[in-house]
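Order of writing sets the chain letters: A, B and C. Residues in each chain are counted from 1.
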Amino acid sequence: MLSEAKSAPSGMKILISGEGGQGVQIISEVIAKTAHKIGKNTSYMPQFGVEQRGGASVAFLQIADKKIIYPKFSKANIVLVMSNRSIDAVKQYLNQETLFIFDSTNIDNEHLNQIRNEVTKVLNINAREWALKNLSTKVTNMIFLGALLQYLPDIKVEDIKNVLSDKLINSKNAELIDMDFRAIDYGYNIAREENNNLNGQETKEIENISQDDNKTWQRYPKFCKSCELCIVRCPVKALSFSNELNYLGTQLPQIDINKCTACGLCQLICPDGAIKVTKKN
Amino acid sequence: MTKELITGNEVLAKGALAAGALMMTGYPITPTTEMMMYWAQNCAKNPDLKFLQTEDEMSAGFAMIGAILAGTRAFSASAGPGNVLMQDAFSMAENMRLPTVAFIMQRGGPSTGTVIYSQQEVNLTCFGGNGEGLRIVYSTSGLQDLYDYAIKSFNTAWKYRFPTFVLGDGYQSKMLSDVEIYDPKEKNIEIIDAHPYLLNPNKTVDTYINLRNTYNLESELHEVLLNHKKAFRDIMPEVIEYEDIHTLDADIVIFAHGIVAAAAKDAVEMLRAKNIKVGLFRPITLSPFPRDSACQVLKNKKAILIAESSLGQFSRLVLSNLYCPENLRIYEMLEPAVGINSNEISQKVEEILKEMV
Amino acid sequence: MIPENNIPKSWKKEELPHKFCPGCGQSEALKILGYAIDELGIQNKTIYASDIGCSLLSWNMFDVDTIQTHHGRATPVAVGFKHAKPEAVVLAFMGDGGGYAIGAQHLINACMRDDKITIILINNANYAMTGGQMAPTTLLEQITATTPQGRKLADFGLPLHGPEMLSPIASDNAYIARSISNDFWGLLTTFKKAINNQIEGRGFSFVEVLSMCPVNWKTDAQESINFVEKMAEIYPVKEFKIPEGLKC
């Protein structure tokens, strides 16, 4: 199966989709630049709405030996999906030959049901969960970048890393580059074989209500965007990041209820309305 | 009904009043300025009427849109460079199906050009902005037309909800002549209601209207525009207007619009008196264009003459809409920025006939 | 008193989460605006006109009647609506591009005419939606996508001070202020005053809100707060014009 995808005669057509801010465009750009460097013809076109962050973000990526003349295509060899909402945006590009790659630790079965009859080839990657446990959710996209390289035999992992280093050369965070590389390696290794397992998450509420006799503190994972303002501005430093994730796949805040004075500042300043503090009488 | 001796600018203001318009926005520009002055004088007498002199034509266009959203029959007027700026607002009106009404009195261009006359704003008025030309454009041929179509433009706009234009020129707006002024009721013209888009007093308390012109996906905008196009096509039979004069037995048909069509009408009469078989086809709606009727007219004709005060804006519009028979000869009389009178047209027709013999 | 609800009543619940980036000061300001609308009880008589730029993301954020306009043109749409329907509460929401650059003539003339509308302008020192280019409000030496070496006085002049520019041409009926998105109570009071000035039929009102843009500033939460506080040193947070008798 792997070899079929590899030997697609008219080149590779890859569609990558996620929430704006998940890094869809970066991995597409890095692959395109690397392909160009090794002498392939390539085309990468971003497509997104008006939001800088949030909303579906889609990338059309093509790599071929012959010249590529049109930036879009009707069916993809590979469709990669990082978030629930973005499944909508990719449905029309699937056929029985398409390899469907998705994050089984971020996508609900409820959403996968939409395409269950469309796909036969599946690669299921526990990207977000692994990233959270081992590195940081910031590098989830790099796991997928690594995984894609299994299907692009002409592109070496080293070539990708070189292009990525050039891109990040001015980055303030040298640690991030190292994490990116480790994530790429993990993705590359885990993608050695298709697992044909189209199972995702069961939808679950991860609301968290902390309370004691005097107060309750509640968070809303469907609204929270992990901006960290509540954590930074809490006057008694009662807030910190937890290991539970919000709808964007980034970390939710948690409260140390013993430290909390129920001043309510976190509720007031949360730009997303994701925190509620109630004093009990 | 009274016969009054007034200028075209006054005629338009009176037409707007007769149509129940309550608000005008605008920035002074020749040859439309007197319309504003006349409207402002009426506002001083009637507190229900409003006039907003804005900082530029963009503001005039968008303030008109603001008033329309509130359910007020509002209009603006402009010309030349002002028409260019106002296209920003018309583009929004086209996207959101807002019933803007604008009286465009063409002046010479490009650039600041001349201040009174031309027919060089056909492209801009019919197709301006980053849109698809889903607009209704009436080209008037004289002062009576200005009055009739000023009234009609508000009804068309509010009934069909496409941006609507009365396209005249400085000859018409500056000219002083006799006009029949009437109350629309006398002619059984029903004035169409203006419903607010926002803050509708009849709405149920819990529904709120959020209007947009920006879309996230190509496919979303595609669908919106196909719906607009379908709506536009559906209203075409009701909206399209044209004048057909002696074309049935004619050998040669003149195509002209606006004030040039008035001259052409005169020319046809002069030529018919000499037993020359000539006719006139005058589209009144430049958009939507009376394509089917224009094509019908071409049957058994030897030649057409397209006459206009521009380097071919109207001619392109005509030719793109006609299926011309193979042996039909096409002549053009393109006189940018200057008027064309009936003698010049009849002379041209006679020259053509000589050449064809 | 902390509001009972974590989300303003006038926010449209079914459109949450809203479309703004994590940590966006604009969304903080819009949340506070929501509470102001709630407290004043004007949900049913308000229209909200948004500009283009990040401000357009708020087009369906509120349960009030709203209209998305063109870039720079929220002000004239609001002015036209107010003239046609004076009893409506008309809000125009825009960024520093919409108000101080592409639509500056409308802002100045609405202020000069004393149009009885309320303009809320977000100053985040850059053009955010298009990816962080220089704005009229970009600070000297601030690096943006179009000033890679920092904004230079010789090339681009001084950062624009909007309320300071408007105050001398405003009538004594105008309310003009600058506030900051981080200050919940301060901004809430400012919004309420600005809207009350309109409701009371007095005159023009304008609030500039200093606001954070972590995505384009490339700052984390603490750095964003530091930056907007630095902005407040250059752009003083205060009331520039307060009409006599204005209720709060």
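Just so it is clear, a residue touches a chain if its C-beta (ideal position, glycine included) is under 8 Å from a C-beta of that chain, and two chains touch if they have at least 3 such contacts.
Here the structure is a predicted model, which is why all the values come from computation and not from measurement.
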Farthest chain relative to chain C (centres taken as mean CA coordinates): B
Selected interface, A-B versus B-C, where C-beta contact pairs are more numerous: B-C
Centre distance in Å when chain A and chain C are each reduced to the mean of their C-alpha atoms: 33
Inter-centroid spacing, chain C versus chain B (mean Cα positions, whole Å): 39
Between chain A and chain B, centroid-to-centroid distance (C-alpha), Å: 53
Multi-partner residues of chain B (at least 2 other chains): 214
For chain A, residues that touch 2 or more chains besides their own: 50-51, 55
Chain C, residues touching no fewer than two other chains: 56
Complex interface listing, chain C residues touching chain B: 12, 44-45, 47, 49, 52, 56, 59-60, 62-70, 72-73, 75-85, 88, 105-106, 108-109
Residues of chain B that touch chain A when the two form their complex: 214-218
Chain C contact footprint on chain B (complex, rising order): 22-23, 25, 50, 52, 54-56, 58-72, 74, 88-89, 91-92, 196-199, 205, 208-214
Interfacial residue positions of chain A with respect to chain C in the complex: 21, 50-55, 220, 222-223, 225-229, 231-233, 247-248, 250, 264, 267-277
Parts of chain C lying in touch with chain A, wherever the complex brings them together: 2-3, 5-8, 11, 16-25, 27-28, 31, 54, 56-57, 128-129, 131, 182, 184, 214-216, 220-222, 225
